[in-house]
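Two complexes, one shared chain (chain A), two partners (chain B, chain C).
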Partner chain A sequence: MLKRLQASNWYSALQMGLLGGIIAILVSLVGMVEEFSLRDIVFNVIDMGQTILLMILVLIGNFTYRRSQSARSLNKWLEAALAGAVVGLMLWLLVLLIPALNMRAVFLNASPRLIQILTFGNEGVIALVLMLVVGGIGSLAGAVIQTLPSRYSNAIFQGIIWVALIGLLQELLQVILTTLGAHGATNWLFGDKGLSVVGAVVIFGVVLALTLYRSGNRTTLQARIKALPPASQWAIRWISFAVAIPLVWILPTILTTYPTDVANSVGLYILMGLGLNIVVGFAGLLDLGYVAFFAIGAYVMGVLTTTATGPNAGQIVWGPQFTFWEALPISVFAAVMAGVFLGIPVLNIRGDYLAIVTLGFGEIIRIMAGSDFLKPYIGGSQGIVEVGVGQIGPMFFNSPRTLFYLIFLCILLAFFISTRLRDSRIGRAWKALREDEDVAQAMGIHLVSTKLMAFATGAAMAGLSGAIFASKIGSIYPHSFKLLVSINVLALIIVGGMGSIPGVFVGGLLVFGLPELLREFSEYRLLVYGALLVVMMLTKPEGFMPEATRQQELHDAMSEGGAAPPESAPKLAKSPAKSGS
Partner chain B sequence: MLKRFRERFTTTDFFMWLIGGSIVTLVVVGSIATLSQGTYTIRHWFDFLVFGLAQGSVYALIALGYTLVYGILRMINFAHSEVFMSGAYIGFFFATAMKKSGFLDGNPLLALLIIFAVAMTISVVIAVLLERVAYRPLRKAPRLVPLITAIGASFFLQETFRTLFGSASKAYPDMNALKGTFALGGPFIIQKIQVLVIVAAALMMLALYLYVMRTKTGKAMRAVSEDKDTASLMGIDVDAIIVRTFVLGAAAAGAGGVLYCLMFRQINAYMGFVPSIKAFTAAVLGGIGNLPGAMLGSLFLGLFESIGPILFLDGLGVPAPYQLKDVIAFTMLVLVLIFRPTGILGERLATTKA
Partner chain C sequence: MNNSILKIQKVTKVFGGLVAVNKLDLELAEHGIHSVIGPNGAGKTTLFNCITGFYKPESGDIIFGDHLLVGMLPNRITYLGISRTYQNIRLFSNLTAIENILVGQHPRLRAGMVDAIFKTPRMIKEEKEALEEARRLLNFVNLKGKGDLLSKNLPYGDQRRLEIARALASKPKILLLDEPTAGMNPSETQAMVHFIRRLRDELGITILLIEHQMRVVMSISEFITVLDFGEKIAEGTAAEIQNNPKVIEAYLGRGAASGLSQKQAAAAA
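Up next, the complex of A and B:
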């Protein structure tokens, strides 16, 4: 009996439903649904909390449909609907159990408001029926989308994503549009919160039409550019730069203070990301202590420029009170030296071990910075205050707007250096190192200098970022330099695509810009990062903006791996260190 | 002779020996200074010693998980810290409930067994899920990929626990049966809780060691860690063995989590990170992939961390040396990896294993 049940397609639909139910319950209990319900996507129609639950339903329906072995479409649809109904049923059970077991004592987010959201404000049998029906319909929709030809389903997904995105960023976009003088457009496009119904329909329609048009053309823009002769490609690249740079340049005059400040934080992370991209992306040295260089840049800037020196509390013993511009190159130089000094001991250490050792370094620096031992010199846990501010003529780099230009210029510089290094001899040496250290060495690449160069360049960018950060915040505390910063930057370059320079920018905007603008999101940022890193590695290890060679490698490795001969096993597992070489 | 030496001895080596040498000098000078000042009596040192042993025992239980998994998969299970934390966390809810009903003080032994059972079960469930969802699909991927997955999984679990149960640290209920001390005569006094931790950890490690060395499954585990392909040709179900390895490591970590909580009496979602990174250090110290090595390394690290800051730094006039105990642990990790990457007992690592 059980065997027969297991063999039937309904059983796998049931499994999918259970999985979806568990995910939906988790999302509800961590408080996401409730917190996100404050942000409307389409004003008074749907909020983000509901959207998340709906997305789960759609995906479950979609997967059930795709996994189904049934011969007839109707059966597949019914299975998908069943899976969705199971999700609804499980949420209903949750709603029932929360008051019965007094779950709120343990699960802090199991609040009456959550119940209200999940049941749409109803009680008893009506709630159950409603939840089952909504669950079933949501999943059915997911299955129906899958039945459509792929270009239509793709276009629908794109449309939904764009509506959600524009709805979420309503505040920011409204401000920009108003400053640009498009006052009329904002009125019909947006509601008090999120999009208006008309706006949502229009955006969905436009995106749908555009995607369909583009997919009808078959060849993508990228492919068409690639087909051009090198000279035209080169010209296109420079023209796009020439357009993009002035566009970014006028950004602070359009944005209000808060988004500009967010842009600055994102910029500092991008700067660090460009540096870490060299270490991890190009040279393949997984550095989890990258924050150390950021901290060193910040602390050197702090010590050299602070005006709070003296014997009193809250002051440090010694400080030359340099100006910002004098201290900046010294900070970067200090970070480079730190990169070399921390790089030397780990020269022979590879892979996982390198990650752990660098993590240890990062922690050592942070603990030292917060200890009483170094307190007279770098402020201990009370930090350094009154850090210097840059000045050119009458312009002070202390407001978000002026800092924006400073950071933007630094990013341009780092970007230029990165691209030039990538295409240079040392860049190729890094890539060789990443692929196989032993072979690279056999090919005549000097491991010591190549590795140290990577550490030093990466450290320089982090040091620069740290120095500006110190000046931007105006004070430095050890708790700004937690391991988390390293992980954040790592997440950034992984999401963008390891080794891909445009990927750093995409990653920065996705990983920092978006959550920073959606403040409700910040509580769950790390939760989502964690899940994102796992999902990313399982499905798209090359990132959103992959570097061509890396994408190739990863897919080759994944597909060949199954048939790899036993001899390749020791190659995968390299010795962590070779002493006395 | 000198020429050959100079050829082999590079600038890098010089640098490393310089770093190592200066640290050793610092340690020796600091120790002599502290001991000659005589601020600390034999009683203090004995306290440090016992505390270090207790701490080291907990590290050992966690380190076993790292070392077992590394031995078989050659990967650092970065999310092991969350396996440790999750068991302890869920165990905490049972402990509080039992404390409220009076069961915890009325029936301490049974209550403790229940807490252990719950914690170990939860840890095992989490570890098996991790293996299934995050690691198994990536077994053939380049090395960096599963490592990043593990970091992601670790953050995901940490944040899930934090958002589910709140960010605030919670106080672990205390057991009346574990309050107080044993007097061993003279200046030697041991806290009951420390005795429990050391004895329980020792028993657990013994059981685990015997399991790996004496049972058929243990033999299969060792075979898989030698050579997966050959093992599977010999009729060993490699996937099943890997799952069992995770189960074993997680059970030890879950038990370690409870002991850790009983000792430090505080719980939050981030509690796993520091002890686990120490445990990993200890595993490397003992020679990763080597069970007795992990135990030995852990005890060593525990002692080092408890005695070290006072012994090495107090005499040098460093204020609040205890703040720097993590620095000592990490410095030790770096030194071990530089000078003896195989660890204390890990001969096999240098040649075939890693």
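Up next, the complex of A and C:
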């Protein structure tokens, strides 16, 4: 009997349902559902807690449908619905068991409010039926998405993401729109919390239409610009600059203080991410001690610019009291030197071993920063206070607004350097190194200097980020440079897409920007990170914005006006070797 | 033998207790096609790895022009003009075909970090030429139009030829081919033989070849060296090798050689 059941397709649906049920119960009991339900996505219709449960249902339905061996699609749908219903059933059992076992004594979050959310405020049989039906429908939706052509499912997916994102960031966006003077728009777009129903429908519709239009039009905007004559391309470039500069200038004003501050923190992480992307993404050198270079940049900036020097407590014995601008290049240089010094001994180490050595290096730097031995010079656990602030004329780089400009410029510089290096001989050597070190060497690539260049460039960007960080915070302590920083930056790159420069920005906004803006996240941040990384690795290992391959053979030939094929081509085409293809 | 381009003198390579290559002497004639054959484990690939600098022989000299290659780093040896392919294809699989060839041109290009960041005119010119050269090589190996595909997505035969194109990109004087026809069907093999001849005839490259398919070896090689257990047991032209009893013994076993020569003797009689 059991064997027959195991052989049937319903069995795997049941398994998926059980899995989903366990995840849903976990999410409920750790308090995420309740905490997140405070934030509405669409006012009075759906909140974020419900969205999380719904997401689980959709994913379970989707997986069940895809894994199903059934021949008929109707059966597949039914299986998906069954899996969803099982999730509903398990949550219903949870609702029954919470009061029966007095679970609240152990699970603080198993509150009456949780029960109310899960049962939609109903009791008894009605609750059960409702939960089964909602579970089934949610999973069925996940299955239906799978059956649609990818063009439509992708568009729907995009629409839902944008609605969720805009709904979540309602407070911030409303403030921005109000400062821009668009009161009317905010009134119909947003409710008291989250989007209004009309707003949600409009946003969903617009995104859906745009995505469909874009996927229908095969030529991208970029390709169309490339097709224009060079003079127009220059014009477009300069016009976009002319629009972008004032936009960046007023951005901090629009964003208001707190979001600007968040943007600055995210910016510093993006700056580090751009550097680590060169080391890990391009050259494939897994560096888990990346925070060390950030720390060195910060400490050099701190020691060189602090005004708190002297024999008293909280002061360091020596400090030249340089200005910010004098100290900045020295900080970057110190980080580069540290990169080279770390690089030389570890260059013959590969893969996992390199990760462990760099991990150790990062910890050594952090522990040294907190040591009593170096306390007179770099402050030990009391850190360094009164770090210098940059100044240009009357402008001091100590407010979120001015720092925003500084960080923006630094990111722009790092972005520019990254892009240029990626498309050069060195970038290719890095990628070759990532793919196969031995063969890269056999291609004439000097391993030591190529790796050192990657380490040094990455370290420079982290050092720059650290120096600005020190000046921004005004005081530095060893605990700011924990291992977690290295791991976070690595997570940023993985989420964005290894080796993808735009991916660094996407990753930075997703991994740091969003959690900063959603206070509810803070408690569950690591849990969500972990889940996000696991799901990413399983479903989209290449990242949200994977590295694009360059079209070099055909594209560049076109832009050269259909450059004539090399003269040897016609002769060779007739050769007998052709039959080998 | 006319003027030799590469001299291998008494090279010995030991792994633990195993002598992989034992006091091997080998001379490569310029513009020649030279094959190294031998049963599995005879030390052919080890020899390649010694020449290209991946292994450092315990004793012996490898002389290329004025340079002593023993102890030199592989990248330096490539730079001097020796380039190779691998028995199991080792392309940069996540790079496009054209990028693979561009990487192959690495030792010929000069642009450094500063050139790359500021896009100096020198670098722009160099990149343009490199790209043209890469397209030309793509054409040469009949991969026109496939340059923008990731190399891992190319069919097997294309990968083989792309690997050769990548090796050619450094403009080598000597090309080491490690079983270029492995896993190919007869018509593909035939095309590869033609192709190897063209490399020599059109580009003037000296070729050192490891090959298992006797038909290929015998039809293409001007000189053959036979290895067994790391030692050279015979060398000479195809005809000389075919009738060498030591070679037959190495391939077919002791009894076979005497049996065969008896049969030959009987046939002659």
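By definition in this document, the second predicted complex is superposed on the first by the 464 of 581 C-alpha atoms of A that agree within 3 Å, B and C clash if a C-alpha of one lies under 4 Å from a C-alpha of the other, contacts with A are read in each partner's own complex, and residues count from 1 in each chain.
Everything that follows uses one rule, which is that a residue touches a chain if its C-beta (ideal position, glycine included) is under 8 Å from a C-beta of that chain, and two chains touch if they have at least 3 such contacts.
Treat the numbers as computed from the prediction; the structure is a model and nothing was measured.
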item: Superposition-derived comparison: chain B or chain C, residues of chain A touched; value: B
item: Touching partner for A:Pro394 - first (chain B), second (chain C), both, neither; value: neither
item: Partner chain in contact with A:Leu347 - chain B first, chain C second, else both or neither; value: first
item: Partner chain in contact with A:Leu108 - chain B first, chain C second, else both or neither; value: first
item: Partner chain(s) touched by A:Pro311 [first = chain B, second = chain C, both, neither]; value: neither
item: Partner chain in contact with A:Tyr524 - chain B first, chain C second, else both or neither; value: first
item: Contact residues of chain A, present in both the chain B and the chain C interface; value: 553-554, 557, 566, 569, 572-573, 575-577, 579-580
item: Contacting residues of chain A [partner chain B, same complex]; value: 26, 29-32, 106-109, 284, 286, 344-349, 351-353, 355-357, 359-361, 363-364, 367-368, 370-373, 375, 448, 483, 487, 490, 494, 523-524, 526-527, 529-534, 536-538, 541, 553-554, 557-558, 561-562, 564, 566, 569-570, 572-577, 579-580
item: Residues of chain A touching chain C in the complex; value: 416-417, 420-421, 423-429, 431-432, 435-436, 438-447, 453, 457, 549-557, 565-566, 568-569, 572-573, 575-581
item: Residues of chain C that touch chain A when the two form their complex; value: 52, 54, 73-75, 78-79, 83-84, 86, 90, 92-99, 102-104, 106-107, 109, 111-113, 115-117, 119, 123, 127, 131-132, 134-136, 138-148, 150, 157-158, 161, 166, 170, 184, 187-188, 190-192, 194-195, 198
item: Chain A partner contacts - residues on chain B that touch it in the complex; value: 8, 10, 12-13, 15-16, 19, 74-76, 93, 133-134, 137-149, 151-160, 163-166, 227-230, 273, 277, 280-281, 284, 318-321, 323-324, 326-327, 330-331, 333-334, 337-341, 349-350, 352-354
